[in-house]
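What follows are several structures.
Note that chain A is present in both complexes that follow, paired respectively with chain B and with chain C.
What follows is the complex of A and B.
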């Protein structure tokens, strides 16, 4: 029932991909296709050209460079789950994406560049102080995850750019991931949380599905670093997040559940 | 002995390997595709329907109500629903016009370019407000049907009065295969319809009346699930495809997109149920006063019968010395609700089981002790005056308790959940379910089955379709067993109204019990018939002689009703059903105290099936129905917009359980035979829907103290109920 008459381009190398991207800024970029296929079926996307990166070499590595862990943008959720090197927060998040079939195709880069506020892996990058490496025929640049998503599905990404890798510096502390959906698989998140805390030094409280973009709660993070009581941290984050009522849940539920999840985690941490 | 064993299902291999042809796989040469122009308004006058300018209409046919040759009516129980809206639309998504074009994309584009001009009219959405409202949708008072039942003697004992209100929401059947129908012109000027359906003869009658002639036959394609959603609704697609095929002078197929199917087709009736009861201090039930409202939507469909089944099951499997019940099913300006597995009984028994828990809470009684005190025993009388023969309520309770004594293996917590605070709880609920049609329904239908010798093999001719439940396997098993031959020699023919007699619809937990019973009688008749023709001997000898003699050997058998007290549809007294199935469900679950999410660890069901003709198929029905009931309990919620249109019209946001959500299931089949069913079998299709939701509610209460009396118990509602403690 799905009919799409777009011309499909399948670059084999990053150079070819960047050249095609420069030549065809209007082309729909397809990584694993788990979002694009849905848009096609729903009729909300009617591309004439598709740039299919699935077979593009060099995007599925996981290694180290300059003291950072480097994740290829083409890594799938399954790749992450099968890798012992991947950060536990990312593994937790990857395990909650769709179900096995989706995890086999869904890529880290696709999730980031689709930019849905409910993208399951996105708060993880905020919690890990990640930077996104963007490439074009003009060169490379890095953008912190914290400034990449500018508004609802608005990204700091030029029409000729592709996300090629994610750089995660060596970070420490206790971390925690939680996804709240209604069912065990194929669930779109109502609330996603990724947190990391180094007592007295650094805190990251990152959420998805409670605002127009994946977001950090800066005031609550500051209070946590300053050693404020859990009640105060929770009160601040409940003020900072901006959930809405929609077909999946209510703003009230999202706000309260976000607070409960963080409270439960913080109360489980060793004090001091 | 094939009965009681579980041979592979006849349709299994073709379905597994993709060889089965569903309606959308049928592509006769020259076929065009149909699409439907639907109302965007809940209630409006249609001022005009026209083709938009700037669209290429050269290869498109457009059909409106003016093109209907016979009656503009979807024939079912009453003549209130038009095939295409004629002047007024009474619900959002109501069909207004049809288009067909050479490709589906072309047809869908054309449908979007049909311009409908409306004059909006005020609309009613609340069934409690619609009853008796001056704005008329149906009849004098917007009531499709009102039922009153009074039975027994009021008490003069000292008693506690306990009252409660219980509600349930819409639920979508969510068959895997969306609605689909193909219409082809016959050489004699008639029409052949092939499609996804439960009830070929419903469609046969509907299309004939719309056409004004009877040159029509209807055949079932392989059907990907129904659950009631393909009981009456496919008549609409059939009428539409027929009109388009006539206009286009070629085959036309209509297959709904999933989102269209979710928005436009029937759902389970929402219900509001008030119960007021008198109970002694010891927990003996004395009086039941019940008031039921159901929302029928804009047209009648089967609402009368849904309400009837709700009223007849409202008392639950309990003895009430006095009962006064009053129910109405009301019209609103919303898409019509219709048949759905359980057919009113799940809503009614949700209310009664929650009310039993309320009584127990109020009286400080153990909910199980309260139930035991009042469960039906042999010789008890229902609120219709039916004396219950050998009821299985205690048998299923004991079987479930035995099975539930085994330790629970906790289900692994869902991915992405670490360190959550979960609380465990167990809940138990009981239900009964009348098998077959209500009251004198079977006597009116007189369902028929024919058997024909084909060489030395036997063909079973019936209109009872296989919609996943296993009819293609069960009927040959029954006939083979009765004739004393190998099952491989018996097969069902195509379910084509041009070939098969009317066995009645494939609904109401009646196919195996009623039509299967008729298959058994037909096989006995076939043996008698062969002996009359060819003397004594076993079936093989007789069949060989018949084959040598040549000529058609065919017998037809009609279902004969066997009830003790005749049903009186005016007083609602008498034997409401020929027999009842019984069910007990014990749910073990955990509630996440931070999110209100429910994790199912294990569900034990014990069900009185009379006789498990095929234990694997019987357990499959029960386990599938149980999972569907768990979805109704905690996940499935239809979200409507201001016009009453379903907003979450995708599988990504209308949440049904996945395989991962399914708990461990222990499925106990209890066999208390019904002498009127084949080899003692009772109907089992619907009863799995009745008890699980109430068991879940009791388990949630046990786990975290949250009391929920409304379905669905979504995480949002459980969370709110925990906060309200």
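What follows is the complex of A and C.
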């Protein structure tokens, strides 16, 4: 039985939420609860105040603005799976999060701000050149996904800020998502990959669970754009990632699998 | 906090800490003990209930978030008449020790509302969040596939 006597604040509007965030920067932010409730139950989080955004209006939209797709931070994985507009890479990632019961509560913003290197949807934002829109009573700012995660669970997010939306520019190319876990569902990733390639112009090779943050492999990306052989791209990315041994897997396994995922994907693409 | 919601068709109100788990409120305050606690961390699905129709892990839902919602538990699924999926679980021998069974029935009932004649693959995806340690999966899949196929309903 969970005994948490924290005071809970439940803003209905974004303005109220931002004011509350400014007033209580120490509060734990709660959305669908699929991470926070686990931390509370385990006793690793003992907040006195909780800011519950689940009922906050205006965070669950999916639309377009200034040529970008805009995803509300409060969209659940199920919302994404039920939307025909959501990018296929994101849909593939959302389908691998937990199982139906988790997908019905887990939010895009929660995954991003929990900041686990093994967050299933996070490499997708790197592959899609996404930007995160952060809001506070001071105003709005945009942070590229590529610089948002600074270290293990360290985010470019001030104590008075909330993530409100994710902006994805119109991008092209072949794309590929792959999660490797112990089983298909209800498994924390050993390796996650999201990639996108526009032959000769742009490449994104983004991984999760192979370093302290979700990460891109810049040298391998450059080599791919330059038309290097697959062997060379794989060799470079295997050098760039920094996996560790832990309860879920070994560094050796993760490095081999990361290379194999990319090799298979690139070899399936039309060359040119 | 006074939380008001509709539980199995009846309006209820509970005076509870807002972060109490929905699972505990159901079992302790409302004495609906059909929903089980397995892992307590959203891995096993034994505590699955439906909120506004959607299956959720009730161990991961703070009760404050169901204020104003419609909650259905296994007790509500089987009332007034046994649900087709419950009947099918009996017919196909889909339950062994029974701890996972209420959660499986809730997930399966949600699937069957969307897709009355699911493939075995669709059933396995819909039930991927419900673990059975008796490993009785095949009979469960058979039961859900057969629930509305004829007779059981």
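In the analysis below, the second predicted complex is superposed on the first by the 272 of 272 C-alpha atoms of A that agree within 3 Å, B and C clash if a C-alpha of one lies under 4 Å from a C-alpha of the other, contacts with A are read in each partner's own complex, and residues count from 1 in each chain.
Just so it is clear, a contact is a pair of C-beta atoms (placed from the backbone, for glycine too) under 8 Å apart; a residue touches a chain by one contact, two chains touch by 3 or more.
If you're wondering where the values come from, they're calculated on a predicted model, not measured in any experiment.
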> Given the touch rule stated above, what does A:170 touch, chain B (first), chain C (second), both, or neither?
Replying inline: neither
> A:99 contacts which: chain B (first), chain C (second), both, neither?
Replying inline: both
>> So in the superposed three-chain picture, is A:226 touching just chain B, just chain C, both, or none of them (first/second/both/neither)?
In response: neither
> Thinking of the overlay built on chain A, is A:247 touched by chain B (first), by chain C (second), by both, or by neither?
Replying inline: first
> In the superposed arrangement, does A:10 touch chain B (first), chain C (second), both or neither?
Replying inline: second
>> With both complexes superposed on chain A, which partner does A:34 reach: first (chain B), second (chain C), both or neither?
In response: second
>> Contacts for A:185 in the overlay, against chain B (first) and chain C (second): which applies, first, second, both or neither?
In response: both
>> Touch test for A:257: chain B only (first), chain C only (second), both, or neither?
In response: first
> Just chain B (first), just chain C (second), both, or neither: which does A:54 touch?
Replying inline: second
> Do chain B and chain C land on any of the same chain A residues, and which?
Replying inline: 1, 3, 38, 42, 99, 184-186
> Which residues, counting only chain C, touch chain A once they are in their complex?
Replying inline: 1, 17-21, 24, 28, 40-43, 45, 48, 51, 54-57, 59-62, 64-65, 107, 110, 125-126, 128-131
>> With touch defined as at the start, can you tell me which chain A residues reach chain C in the complex?
In response: 1-6, 8, 10, 30, 33-34, 37-38, 40-42, 50, 52, 54-55, 78, 98-102, 104-105, 184-186
> Quick one: in the complex, what on chain A touches chain B?
Replying inline: 1, 3, 38, 42, 92-93, 95-96, 99, 120, 176-180, 182-188, 190, 247-250, 253, 256-257, 260-261, 263-265, 268
> For chain B, which residues are in contact with chain A within the complex?
Replying inline: 24, 104-105, 255, 257, 259, 414-421, 594-597, 635, 639, 647-648, 650-653, 655, 657-661, 714-716, 719-720, 723
